Structure formats: C-alpha cells, structure tokens
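This report refers to the structure that appears directly beneath it.
So that you can tell them apart, the chains are marked A, B, C, D, E and F in the order they are listed, and the count of residues begins at 1 in each.
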C-alpha cells in the first residue's frame, strides 16, 4: 500500500497512551539509541524554532510535489495527541503548511507536524508554539489538484512511518517508534537514561571515558600508539 | 541592460510611499499569494536573526564573485526607506557585508540588505537590528577590483528585481513587488488577510477545511476513497 | 603525518597564553583579515546556538566516518583552555558528540569543540553553554571500532590545523591561527580594530566609503560610468 | 523489521520469473507511470556508465556508514537474476563496492547493484559491464566492523524495498515493483507502451499534443489567454 | 510580465537568422566572454549526453512544480530553429520532458530544450540526438493541472531569457544572447576567436602567458615575490 | 606557509621518477588502501571525461575566488611529468582553466590539472586528451587581479598537497602521495594488487568472501543471526 494514491483510512492502531507519555520524557538521541540506533529521519529535518519538542502518534499523509491537499484530509483524522507526518511522491520544497492549517490541527487535538517539504508563516507558528520539523522554510504556496493518501505507510525523509507509530522530535531531529514496540522502547530508554546519569556524575568528577568504559586495552589492540613527543611519531 | 557591468544610475523610479507602507503590514507569504504566487526569491535566502523583517524600495547592485565594491557605490544612492538588493555574475559565498557597511547604509537611510552571497559580523548586525537576508554566513573578506553596476535590473536568487521595486522580507523569505503594481498588490493582500481572519476563526472553532472550502465532492471526483479499516484498502 | 592513523601524541606546543587571551577579544572576521584573509574553515561549520563564542588552543583528532572513539583519547590530552578540533578521513554527518562527552571535556578544562561531522544533545549543550561548531546536527549515534589519531595535523572543513594552534570561533565561523604567529596576529587584529573604530564613527556621521577610502577615481579608471537616468544607459 | 540489525534471512519470496522478464522490456519511466507514478528511488541515484540497464529481483542489505560487511553476507544469498539493494542507517558516501565484489556477485548469478552510498573501481566495473546505481563515486575504502541485516525490508534512496521485489534501472533512474504486483504492472506497462507508439506516430507527423490530447478547452477553462502580440498582454 | 501565469503570446521577435547562424559557430565560453562575461545560466544545467550542442531562438515557458502542461502550449509556437527554454515558479526536479515531446518538438522544427527541472527517456533522447540541458535526470512523471505562460520573459537557472533571444549550449553550459545584440555579439566572438588562434600557436610553441600577456610587472606590483628555495620563503 | 599569498617558489623536491612511474600503474583506490585509507581528495572532484587518468608530481597553486592568475605563474614552473594542483582561499565554481592554458601546460611538459573550482572548454580538453579533475564545469570566465602563491603547501578539496607530491587520478577520484613515501607506497600497492589477483580468481570460481576471508565466526560473534524464513525473524 506504500505509495498508492487515492486512499484515506479512518481507523488507526495508535500506540498505547501510557507508552507515548513515557516516550515523551526522553530525547530523540536517547530513543534512537534505545532502539539499537535506528528509526531516525534524515538530519535535514529541522525544527522551525529552537527548543521545539513533540511526542505523539502519527497520522500519515502522502502528497505530490507542490500540492498540500492531503493535509486537509488528514485534519479530519486527528485525535488529541496526534502528529501529522507527510511524505511525498517526489522531492518538493514548497511551503505546504502555515498558520491557518496549524489553527485547524490544534483545534482537532493535533500537537505538531513533520513534513518532508517546506513550511511558511514560521513567525506565527513560533508564536503559537506549534512545533514543525521540515526540510526547509519557503513562502511558496501550493495547489490542491492531485489526490494522495492518508493513513497509509509513508516514507518521510528516508524513514518508514506507519499510522499510529510514535513520533518524537526535538532540536536533534525526529525519530519514529513502531506502535507495537512503544512500551519496550520506553523501558529501554529509561534504563539508558538511568545509566547515563551515573556516568555523567563520574565524568563530571574528572574520570576519563578511557577508564570508565575500559577502552585502553582495546585501543592498544586496535593499534593506537602513544608518543610523548611529535618528533617520535614521524 | 541585465547583467551589463560599468553602469551606475542615479535616478530610481521608486514605488509610491503609501503603497510601500501598506505592503509593510503583510507577511511575505500573503504578498506572494496576493500576486498570484510569484515574486519569491529562492528559499535559500535566510534572515541572519529570527524575527528579522523589512519593507523598502530597491537599490540594486550587480557584483562579481569575491568583490563587494559595488556596495560602496550603492551606499551613495540610498534614500530613507531603501533596501540594497545585490545579485552576482556567478555564484559566490564570500562575506560581502559587515557592520561597517551596515553603519554606512543606516546613516544614509538604508533599512536592510538582500544579497545572493555571504555576510559577516552577524552578531553585531543582530545587535544593531540591521536586517539582512543572505545565502550564507561567512567571515571570508572580499576585494574591490572589478566594476559591476548599480541600479540596473538584476537577478537575485532567481528573481528579477528592478530599481525602485518593493522588497518585503521576513522569516519566510523575500518577495519582490513591481513598483508599478505596489498599490494594487497591497489592496489584494489586504483583501486576502481579511478573508483569512474569518477563516481562522472558523478553523479555530473546529470546523474542517474539507467543509469550509467545499472540498469533499472534489476529492471524491479526483478519486479519493475512504476506508474505515486499513485491511479494506489492501 | 597528515592523515596517518594509530598515533596519539601527548606533547603539544601550545600558543602562548597571553597571545591566546588577546585573540579572544576579536571576532573571526577581524582575525582572518589581520592574517591576510586566510585561515577560515569552510562556512558550513555553524555554531549550535546563536551567540556561541570560543578562543582556545587546539587538541586535534582524526577520525573515521561513524566512529567517535578518538574523542575519548582526546579528552585525556585536554588542558584548561583547550579546544578539540576533529577532522575525518571521509565525509560523515553522524552525531559524534553529546552532553556526556561535553561534561567530560569541561571537567578536564576543555572549552569547546569544532567538528567536521554531526553533533547531538544540542538542547543540553546550549543549556550548558558548551560551544560547538559542526557540519550538522544529527541524533545518529556512532561506534568505537577504528583507531584514528590524536594531536597530529588534521584537515578540518578544508583548513589545516596543527596541535597547539589557536582556534577562534563565533557566529561568523571558525578561524585557525598558527601557534607561532599568535602574538603577531593579535597585534595586527588590534591595529585593524582601532582603525575600524575611527572609520565607523565617520560612516555613522554619513560620510561615504567612496570618499573615505578614495574610491571615486579608481572606479572611474576601472570603467564605471554614472548616468542620471536609466534611459541614458541603454 | 525495518531497520533492525543482526538479521540475515535466507528465504526470499521472489517475483515470478515471467513477470520479471516482461518488466525487463520497459524503461523506468514507463514502469513508474504504469504503477501510478510511484516506486522511484531518489534521482541522485545515477548509473556508473551511460547505457547501464538492469532488471532483477532484490536481495536487500542494511548497512552502517563506512561499513560494507553486509555485502559479503548478501553475496551468499544471490540466485541467478538477483540484484543487491543496499540502504544505510545513516547517510554515507564511502566506496562500498568494487571489482572484487562484482566478480563475486557475478559468479553467484548477481546481475547488478543499487546502493545508497559510493562505489569504486568504476572503470573496471564499466569494462565488466556490471551495472551499478549509486549516490556517488568514491575511492574511499570501508571497514567490516558492525553487523547490519540482509533480506529485511530496507529504505534505499527514499524508497521502500522488500526482498524479492523487482528492481528495474536505466539511465533515467531506479524503480521498485512489489513482487506481488509484478505481472499486473508488466501488463499495464505494455498497454502504456502500445498507446505511446500510436501517439508517437501522430506527433511525428506534426499533430500537436494540444489537439491529440484535447487540451485546448481545458487550458481555456484553466485561464490561459492567447495574445497575438506581447504588447497586448501587458 | 515576468512570472505572470495565464499568458500565451504567439508573436516572437526572433534574432536575425544570419546572426543566429554566426553564433552557432562559437562555444558558450567564447560567447559569454564576448559579451563581457554575462549571460550564463547556472552551471548546474548539464547536457544529457556528452557532445550535445545547440544554437537557436528561444520560445519561453513558465511552469509550476510537477506540471509540464506549458510544454504542449510551447510546441505549437515552434518555428524551425527554435529552442524551448522553461523556467518555474518554484524549484522542481520532476521529469518534465521525454521522447514523445521531443518527437513533437522536432516535427515542428524545434532543435532542443533548456529546462530548469528534470528530464527523462534520456537514452532515447541521446539516440535521437535531441539535445537537452537540465537540472537533473528523473523518471518522475508530471501532471497537467495548472496554467503557466508561454513567450513571456522567464528566469531560467538564474538568467533572464526573453522570447526570441539566442540560446547557445554545449558541454560547458548554456548562454543567452539578447535578440537585439546577436549580430554585435557574433562579431565580438569572431574577433576573440581570431585573437585566440594566434595566442594558441604561441603558447603551443612554449611561450609563457607571463610574457605573452605582459604579466611579470603587474605580478610584481601586486606583491608576488619569487624564491629559489622554499626555505627562503619561510 | 599554508595559505600565505604572494609567494612563488621555484625549487620543488619532486618524488623520485622511478616511484612515480610505479605508482602510475595502480588505480586510485588501490593506492589509497596501500597508504592505510588516507590521501583522497573529496569525492566531488570528478574527471571531465570518462577514462581520464594521470600520474605526476605536483606543482601547487593557491588562488582566490574568481581569479586564475596563479595558473600562469604555475605554467612557468612546470617540468615534464608535472601536474598542477590548485586550491583556493574560499569556495569558488568559476571556470578557471580552458584549452589555451592546457596548450601552454602541455607545451611545458604538464600532464594534467586538479582544481578545486570550475573548468571550461571541456569538449576541446577531451579532444586534446588533457585530463582535468574539477569541482564543476562552468563557462564563467575569471579575472587576474589578486596575487596568490605557487609551490606552497595547499589544501585542495580537503586534502593537503605539498609541491613535489605524487598525484594519481582516475575515474574513482584523486589521491595524493607524500613525495618521501612514494616508493614505499608503490611497493605496498604492488603487494596489494598481487594479493587481489589471487582473490579475484577464487571469487570468480564462486567461492564466497564469507569463507575466503574467514568472516563467518566474526559475524556470529558480532551478533548476526540467520533465519530460514522471514516469519522467524519477527
């Protein structure tokens, strides 16, 4: 069903609310690590204002270049806590989304947007604190001429997103968590965060990662040689 | 006269002051829509600080890569409310403009700069609240060796700009309005803004764009089918 | 020794402390001009938060794509006032550095990082006021599998950096000053800044660069012709 | 299973041989149109020599930046007529593949490679007529340190590819056809090609698309106005 | 009229046939130099096969992203020796043109295409020897939904092109010559070529540009110092 | 001396002729591997025609954006077998080199050019079989106004090149070998090539890299699990 146009699906198997709430406590880097270093969208996806943050369940949209029609279809599917994730059939940089659609999304419970295209009215969106991650900022308007799909799996910025998956985004980028794995990932992220807190305290006290992580022998085995003086290394 | 070097023209047919003042009330996206979705510079033109905004009449400059000489020639042409718009004969990313030139521009009444190249001293410019839209930020200095032109039509970031045209720029990008069309475009922008205010209120109340814009029949005609369950769509 | 892997050198011939302190007073653009317009890293190196600034002596690291192991080796080499500068054997955009390593660097006296790759935990780093200049922001984690080098000359973002060189970075980019030239460059930068203060005052008073720099005759000689009216220039 | 590392699956549900053979007769553009304009990989994927062409069933690999280990695991999975398609957990441009691996792939029946990274030994590969589509050409070598996966669904250049899907590639790019849809798409492509042959003959005779496709009324309805002279259009 | 949609103009003031024929003898670099180093389109415009070459008069088209409708309107305007030049209201990379349209263009006397977007069927176009310069190669198909314009001035790849201007393109890129200047530019190009032939002979005989162009004194005046040994230069 | 302008050094410590001749037998990928995977220029450096190849000793030039003056100074320094390598103080894409300079270089014994900028007259250069690796192809001409340096160490496309170093370039890119290491690297490259010949034969016979390189145990240790069926891997 990937990439097929003309389909709008109403029923979404959203991740469990408790797991979504849990995931909202962690940063994107932590969650991506907790999943085994997968699930990131391409790093060209940037927030429109510093400090933007979101965690919600995905309503997906598939659009065509220069055409934002499907965002209106997606608006009707929104439930409180949902995030719209939009991919495209071909690369586009037009400004697909602005403050009017943000007003509509928020009125329906939408908490943000992740879009592999441009966005506009960014000053107004920042003022509204409506978080958006996009490929670019662009005032260029769009048309409503070609039908795409809503709530089918989409590829957005190189990552596969299913309707109902959990989307977490912050200054570091955007990560997607499979709905069925949300609780498991939240637990792994918590575990990682606990471990990091202990590590942080030791590093702050001046201990070196070389010792803390036991790297000295491995570095030697891998061929690193220490020299007191640059002349010795020639 | 496009692209010819060695010409400096003193007389500029600026857009009417009243129309420029009117245009200053609208965002770039609104003005671009009011003109029928044209007039935007390429979206790689970004403000050097968030919230930067300008509206003024264009003094144009045509330069050569790595050479900012024509900005000094342009400084003399400035009248209060003018914006310098600089294009180049070939792509360049050097830092053409800094706080000294900004001081000079402001002293002559200049209100900002739009340049298809790099800019530097951005911390000082942000502190001065001197707005600049540029292709990049770059400390690289420039020479003054080759003559370009001032106040000839120039292509800047893919858009044609004539001396005296109105330039409006904000977080969403930069738009150019033909001097002769300024009043007409300002009126169309006002009309659009009035209409959007009403739409915003209805969307805020939870009404959907699907109903408000009467899209449901068009979507059906264009081939969109609704399914209650993803299984039905396979 | 450029680019050779497997070497970690402990002794660094750092620039003199007095000269480093002097250089810390100037912007990147000023220092680059004072050196005769050289020493800049490529302009794609951007600070992770606006207003970030650093001046320190370089601890250099050479790494491989997707591998941040050498940052741990570099941590041990840090003395108060040092900056880590990391180049790579091939282009990479992964998130090599986050708040744990920043905590470790700061505990050892490190004052910042310049890295030709990605960085993550940027919200935390901004909160810590730990300045980083990088190619991109990216949550993608890295491995520790391949040995590079520490404190050998490296090419970072197109510039050659030796251990002990002075690194100055601000909103405009990053510049490197040879350790042996630090005092000389600081003096030249001071001279330039003094001269600019006088120029700034005159420009602020409305004097034109055309007169102040004596450009009118040179422009004429170089072929610039003035026309009162655009029609005359056709 | 998207993006999970550490999995190598032996059984692949390949598209039917007859359908694959049929698809091999059509160009990438035709197949993509026959599927409703979907299935293309991003256009940065280019053949390493002009005239390269392939059609085969996908063996998929998921790798990590700078690491080509999984190509060796993929080699064992190859059956005659297979194409290796490799995606990565993060963007990479290193040279993952050269003439040794091509020799191995060919010995096992492999007919080509589609890789979202760099490739090297391109002169030898061109001489061998071993077709490769890649993001770049790069002599940079890789390591074999981190485990990815083989024969799991992967995202390659923005498209989702399952093991066994049909891959067709030519000078215009790369398209993926779901294994289960191969016969249906081949039939639709044939139909399109038949229709185009008739159209081509009429266009060659000088008939216009405006008439042949009945566009004149639609253009008028959409607002296009004809003017005899540019002056009339002002 | 720049950028306005909905206009199709039939009458084109083409450059004189004799001047066009003359210009066809020169390379793009020579013509651009003969005009004073202006008139080039951005260097991302590349021919779809090596050795492609064209010289003709422009039929211009302005389109919208993902929409190639105006190419059909342009086809009707073609006279023998014409070249279609297409710009867009916003950046697009879709495959706007293929072998069917090339067949139609050729049947009407068209000699090539310059398009600030993608092109497809490149193998067929190369076989037909139908020359195209484009931003990219892309199999992605387009729609016919939004009206643009034909034979209005357009900005294509950063250059302004009027209907009837002369377009010359080769392996080095694309240059536009104002219709009214065609004869004058052809004469200047011939003069330049004559001069270069003499220079080439002297350089071939081993004479140095330093002497031939009298550069030695200028280099000295500009500050170049010669050293016999690298040690002396430290 | 890196990056200092105004220096032209006549004496070059070239690598030994025998070692240069040896290195000319190997591809860029092989030499880069033989040196421990270092020495490559950035992969954006591409040959202007397929099959271009060169091996020679470097005459280095440091230039400024839009200015090719130093290529004339470099021409005088050429001895038979030399290659000019040009870096720039700031990024530039102008066409710095064409068939006249190639004629001059060849007359003096020059065998090619590696330049971190644009090049033009590419059709003529291909016909002359004068090999050039560049960042882009661009007809844009340059000026001769600012003095750079010749035969100082330069950074070209991210790699440090000293006068006299060996430059090898082919379809895969460009690699630099330190003059003092040329013989040693040539020997290591020969060894690698001998070993690869044996490996190639075994791979051609159908043996797998998994067995030939003994990877199976390492893959298992690194966590790769084999599944007969995709269902088992869920």
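A few notes on this one:
The criterion applied here is as follows: a contact is a pair of C-beta atoms (placed from the backbone, for glycine too) under 8 Å apart; a residue touches a chain by one contact, two chains touch by 3 or more.
What you see is a predicted model, and the numbers here were worked out from it, not measured in a lab.
A repeat of the A-B interface exists among A-C, C-F or A-E; more than half of the contact pairs are identical by residue number at A-C.
With centres defined as mean CA coordinates, chain D is found 42 Å away from chain C. Separating the centre of chain A from that of chain D, both taken as means of CA atoms, is a distance of 27 Å. For the pair chain E and chain F, the distance between mean C-alpha positions equals 30 Å.
Among all residues of chain D, those that touch two or more other chains are 5, 37, 40, 43, 89-91, 93, 138, 140, 145-146. Touching pairs of chains, sorted by label, consist of A-B, A-C, A-D, A-E, B-C, B-E, B-F, C-D, C-F, D-E, D-F, E-F.
Looking at the complex, you find that chain C touches chain B at residues 27-29, 32-33, 37, 40, 43, 46, 50-51, 170-173, 175, 196, 199-200, 203-206, 208-210, 213, 215, 218-219, 222-230, 232-234. The residues of chain F lying in touch with chain B in their complex are 64-67, 89-94, 138, 140, 143, 145-146. On the side of chain D, the complex with chain A involves touching residues 2-5, 36-40, 42-43, 89-91, 153, 155, 158-160.
Chain C makes touch with chain A in their complex at residues 1, 5-11, 49, 69, 72-73, 75-76, 93, 95, 98-101, 103-104, 106-108, 118, 120-124, 126, 136-141, 144-147, 151-152, 163.
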